[in-house]
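In what follows, subunit A forms one complex with subunit B and a second complex with subunit C.
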Partner chain A sequence: MEIAGQTPDIISARDLGVVACNRCAKVWPAGRQTCTRCGSTIIARDTKSLQRVWALWLVGLMCYVPANVYPMLQTRTLLNVQEDTIVGGAIELVHHGAIGIATIILVASVVIPLAKFMAIAFLAISVTRVSAVSKHQRQRLYEVVEYIGRWSMIDIFVVAIMSSLVQLNTLAAINPGRASLFFALSVIFTMLSAQAFDSRMIWDLQSKPEGHSAND
Partner chain B sequence: MTETPPPVAIEAAPKSLIGRVSMVWAIPFLALAIALVVAWQSYNARGPLIEIEFTDGAGIAKRQTELRYRDVSVGIVEDVTFSPGLGSVVAHVRLDKTVAPYVDAGSTFWVVQPELTTRGISGLDTVLSGVYIEGSWDSAIGPERTRFKGAVEAPLYKSGQKGLQLALRTTPGGTMTDNSPILFRGIEVGRVGKARISQEGNFAIAEAIIYEDYSRLISPSTRFWETSGFTFSVGPTGAEIDFSSFATLVGGGLTFDTFVSGGDPVSDGTVFEVFADEPSARNSLFNASEVETLEMRVVFDSNISGLAVDAPVELSGLKIGKVQSVSGVIDADAFGDDRVRLNAVLSIQPARLGLQNEVTPEAALRFLSGRIQEGLRARLASASLLTGGLKVELVQVDDAPPAPMLTGDGIVPIIPTTKSEISDAAATVEGVFNRINNLPIEELLNSAIEFLDSAEAFVSDEDLRETPQDLRALLGDVRGIVTSQDVQDIPVTLNAAIGRFETLLAQLEKDQLATRLAAAVDAAADAAKGVTASVEGVPALVTELEAVAASARALPLNELTTQLTALTASADKILGTEAARQLPADLGAALNEINATLAELRQGGAVANVNATLESTRQAADAVAASTQDLPALVDRIRRVFDQASATIAGYNKGETLSRDAQAALRDISKAADAMTSLARMLERNPTALIRGR
Partner chain C sequence: MSVVPPIPLDEMIVCPQCDAAYRLERPGAGERAVCQRCGTALITPRRKAGLQIIAVSLAIVILITAATVFPFLSINAAGASNSVSILDAALAFSDGPLIALALTTAALILFVPLARVLLSIYVLVPIVMDRPPARGAAQAFRLSEALRPWSMAEIFAIGCAVALIKISDLADVTFGPAFWMFAALVVLVVVQDNFLCRWSVWKSLDKPRTS
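Right after this comes the complex of A and B.
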């Protein structure tokens, strides 16, 4: 807010006709194809970035559906076998009175992944049209999404640890359900999707009215 | 710094759609494709849904209870619902596609639960894993079906299980243990399934299976019997308790044996009877079937107290059935009044009637109908005098009024009755008892006791006990006398004496016969006198002679005496010995010679000279007596013999009384002696008598 309020207009590197190397961050004049310092190709704007974002986002979303439909955890005791989906397990915990744990599970496994999907989708859309949200906020959002992405695997960690610890043969055993694989895939693809997003594009649209004539 | 940077070379953008589309789109498409393939595959692999109806849920849980075939999971219950009207529980089972075609109309399903029986525990695994539904179907693909009715318990025949399928039927009135093993030599070779009662209710029938390995043990002559429970018997070898196994003791069981070897293997569906025990099973082999009984009714007007169920029904004394039930009946239409009549239902065994060709109730009914037309009637008769029990007798009544017999489906034919023949057994028996009661039993017993006491005293008397010994000794004595050499020598001696007498006569004939003969006769008379004197002089000797005679009587001595008395008669039967028999012949010969001599004399001499002749005869006799010493010697010898004999007898017989016979014999001998005496006297007086033969 502060930043957005202070600097309504920000001069981007592009405005200055320079481009930074994606790898070693050396600044080169715009148009330069290769960074002579590290040898990597210099791409001013990844034109296919959005496509990759959307593609991976879609795969992540596709994986998220079975991750919630199929059971996450299979708990087998002597007398019965219990299979719980993520939401079902949380509801059961609420029935047992463990509201705190249920909240954690719901936040970590449902709220955050869904928020990530929405955030990435929002960012990807916002770079193509004028948005009411300021560029700084969007940049902040992007950083949060990228940072939080790795922690979404906490569910998978819990399942993995419990599965490896509770293996008492016939007495009791906890096995990962089919949903755990899809959940992991979903998290991986959302992270890849977030990484595929070229955050520099957040800043481009604002200068479009000016560069509109220059570009086209 | 102010100058603008050189214009950036702008890359041309005539790129195709492929150039502008990122390759990353392949990933979602790939994922989509995989998802679609997986979805299609799982849909494709999904088998049909069948519905199985059970009377209760019995632990069936959706998505958890499995359907198993040969203990392998081939499906899972997807849903459990109620049938319309809540009449039953319907389990919706998703079948595996591989087995789905085989689940046809012939399939059966039942719920496997833990079960504790006498044979052991089954289905224990379901305690932990929960129940499961077991299915059974054959290996042929049949008409499709999706709705089934679940069985309450596991069927006896599981499809695909091989074995001999039989039906076991109880004998009438017999019992059977169902759901039990069939044992052979203690080995389970089959099972009996759930029994059901026949429509008429007269027997129970159950399916049974003999496992394939043992089916060759069954032949048409195989007999089944119960081994349930135990038998307890007390015999000469002690008490015996016998049961075949604990399982059969508690839960029952059947066993079988083939008493007659041979026989073809039986086919599926053969019906066998189950007998109560081995002996009846063994006996049944030789009896015709007694299962199908003929039911007939008898309505009695009279009091039938004493007619009990199972009372015998007899035809000409032969038991052909028994009373099955006894009840009252009121039928104003049939009998004309409202009195209660007594209705006995008889079950008649056709086999007992001895029908030759077909042993069926129908044939028996035909036979009995014919007989009833001819006057066969039922009546009550006393079965037991003591208990007053009654039986039903079928008897021939010659002038019986005709009685129509109703026959037809559902009608139990009625046998007409005749006058009952019930002796008032109770009254008779009471009279008998009264008379027995009035008998002077105590007096009788007292007399008997007294008599027995006396008898005992008498029997135990010392004298009586010795009697047999005395008798035996006596008999021994007699035998000794009879067999003694001396007695036996008597005839010989006599014979010798006669022989000498003969030679003497011959000599007389040679010499002056008559004179010498007379003398000889005189001498003989003297000798006889001597004998008589000696005999009379010794009374003791006479007594002892009686003893001799006793033994002599055993020999034909009296005949001897007779012969001697007559003298002319032959002496052949005097004694049993050969020598004695020859004696009369010799005597005869001697007399013949005398006769011949006399004849010569008569021819030669004149009658007028007889007196002179006799005189000379006397002289001759005297001469004989004088000249021949043989005759006194003979007499001496005879006396010696008698002495000897009497001495012998005296030795044996110490004054004891002899038998009457012996005495008689002695008397005879005495008579003989008398006769000899008289003969001698006669000869003395009239010597011519000897010569003339008179």
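Right after this comes the complex of A and C.
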């Protein structure tokens, strides 16, 4: 085996002529179509994976725009009706002195989603060329993206709890705005996009000497 | 490439994250087999894990059912009050197109965790009793694994905390019995998920079925 790089004694399954099931990890000879243990389709390297990643990524990004433009919450009190977008609501909280909560909301609904879009795009681009960022760092980044993606849903749950709880007839009422639907869709599509990414692609380039292009 | 594998396929284990291939060495109970290249845990056996998981799973089923119907939170402000169950919270988005969101929320915080627990009971009971796997157990476990990222009970719990702080200057909030059940539930869901050694379960499902 001619394996360049820092971990010479680790061999990829593909180089051994075997393939592992993506779902249950059972090892089969290369070229096998379906796993008879769990019934999944076996894909050695998902060549269409990146197309799916980008398609879902784009839908997620498109949903993220209305999620920030439309109001997330509509607060109706005795005197007035107020509609807040995600960022507007956080600014409102800062004015009330709740800086901690405002930070949680800004991080969960603005920083994490934007960072996630950038991270997925970076990973998808990095596997098509020789990257300056090490494979371990990219694998770590992918795990963080997969782990943290679900947590963006927190804002939806907060809206759900608040708008079901604060229904005090004429005194005060909180209702969800249209942005909640788009925000949830955006989170779901970015999660699907991250899941579509085949992390084994990060490690494939290692088995090839520097300078060769990876067009398979 | 058609290299003949030097060792039989059954004695090989492949990291699902980075595709590194290793000769299989079963770790003892309490030990973990970890991929040297990317650090993914490959095998995490525990003694009597199956029985523990079944016990925890049954507790989760009871808690989810109870937490759904009992009052979860109630608020009081200037004489007006309102109390809701978790199902009410999930179905808050109920007008117009938001109904889709209501159903999604209910699924993420109640039905997906419940489905995963029921599926794992179905898969694990025959294994623990040393019987051949139940009919369709492999498909059931595959579905349960596919649903894993969509089970969001713990995220809902943190969402509760944030919502409570936001509301607390507007009105008095009191916790109902379901709130404490849900708090226990979140801990159990995490425990159940971490006890499970996926590799061992798949290995047990490999046994031929007698039907």
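By definition in this document, the second predicted complex is superposed on the first by the 194 of 216 C-alpha atoms of A that agree within 3 Å, B and C clash if a C-alpha of one lies under 4 Å from a C-alpha of the other, contacts with A are read in each partner's own complex, and residues count from 1 in each chain.
Criterion: a contact is a pair of C-beta atoms (placed from the backbone, for glycine too) under 8 Å apart; a residue touches a chain by one contact, two chains touch by 3 or more.
Here the structure is a predicted model, which means the values were calculated and not measured.
Contacts of A:Y64 after superposition on the shared chain: neither subunit B nor subunit C is touched.
Counting the residues of subunit A touched by each of subunit B and subunit C gives the higher count for C.
Judged by the touch definition given at the top, the superposed model places A:R52 against subunit B, while subunit C stays out of reach. Residue contacts after overlaying the shared chain place A:G17 against subunit B and subunit C alike. Once the two complexes are laid over each other on the shared chain, residue contacts for A:H96 go to subunit C alone; subunit B is not touched.
Shared-chain residue A:P29: touches subunit B and subunit C both.
When both complexes are overlaid on chain A, the residue A:L79 reaches subunit B alone and has no touch with subunit C.
Touch criterion not met for A:F117: it reaches neither subunit B nor subunit C. In the superposed model, A:V166 lies in contact with subunit C only, and not with subunit B. On subunit A, the patch touched by subunit B and the patch touched by subunit C overlap at residues 17, 29-30. Of all the residues in subunit C, the ones that touch subunit A in their complex are 1-6, 9-10, 12-14, 16-21, 36-39, 42, 73-75, 77-78, 80-82, 84, 88-93, 97-98, 100-101, 104-105, 108-109, 138-139, 141-142, 145-146, 149-150, 152, 155-156, 158-160, 162-163, 165-167, 169-171, 173, 198-199, 202, 205-206. Listed in rising order, the residues of subunit A touching subunit B in the complex are 17, 29-31, 47-48, 51-52, 55-56, 58-59, 62-63, 78-81, 189, 196. Those residues of subunit A that touch subunit C in the shared complex are 7, 10-18, 20, 22-30, 37-40, 93, 96, 98, 100-101, 104-105, 135-136, 139, 143, 146, 149-151, 153-169, 171-172, 176, 178, 180-181, 184, 188, 191, 195, 199-200, 202-204. Only residues 4-6, 8-9, 20-22, 24-25, 27-28, 31-32, 35, 64, 128, 130 of subunit B touch subunit A when the two sit together in their complex.
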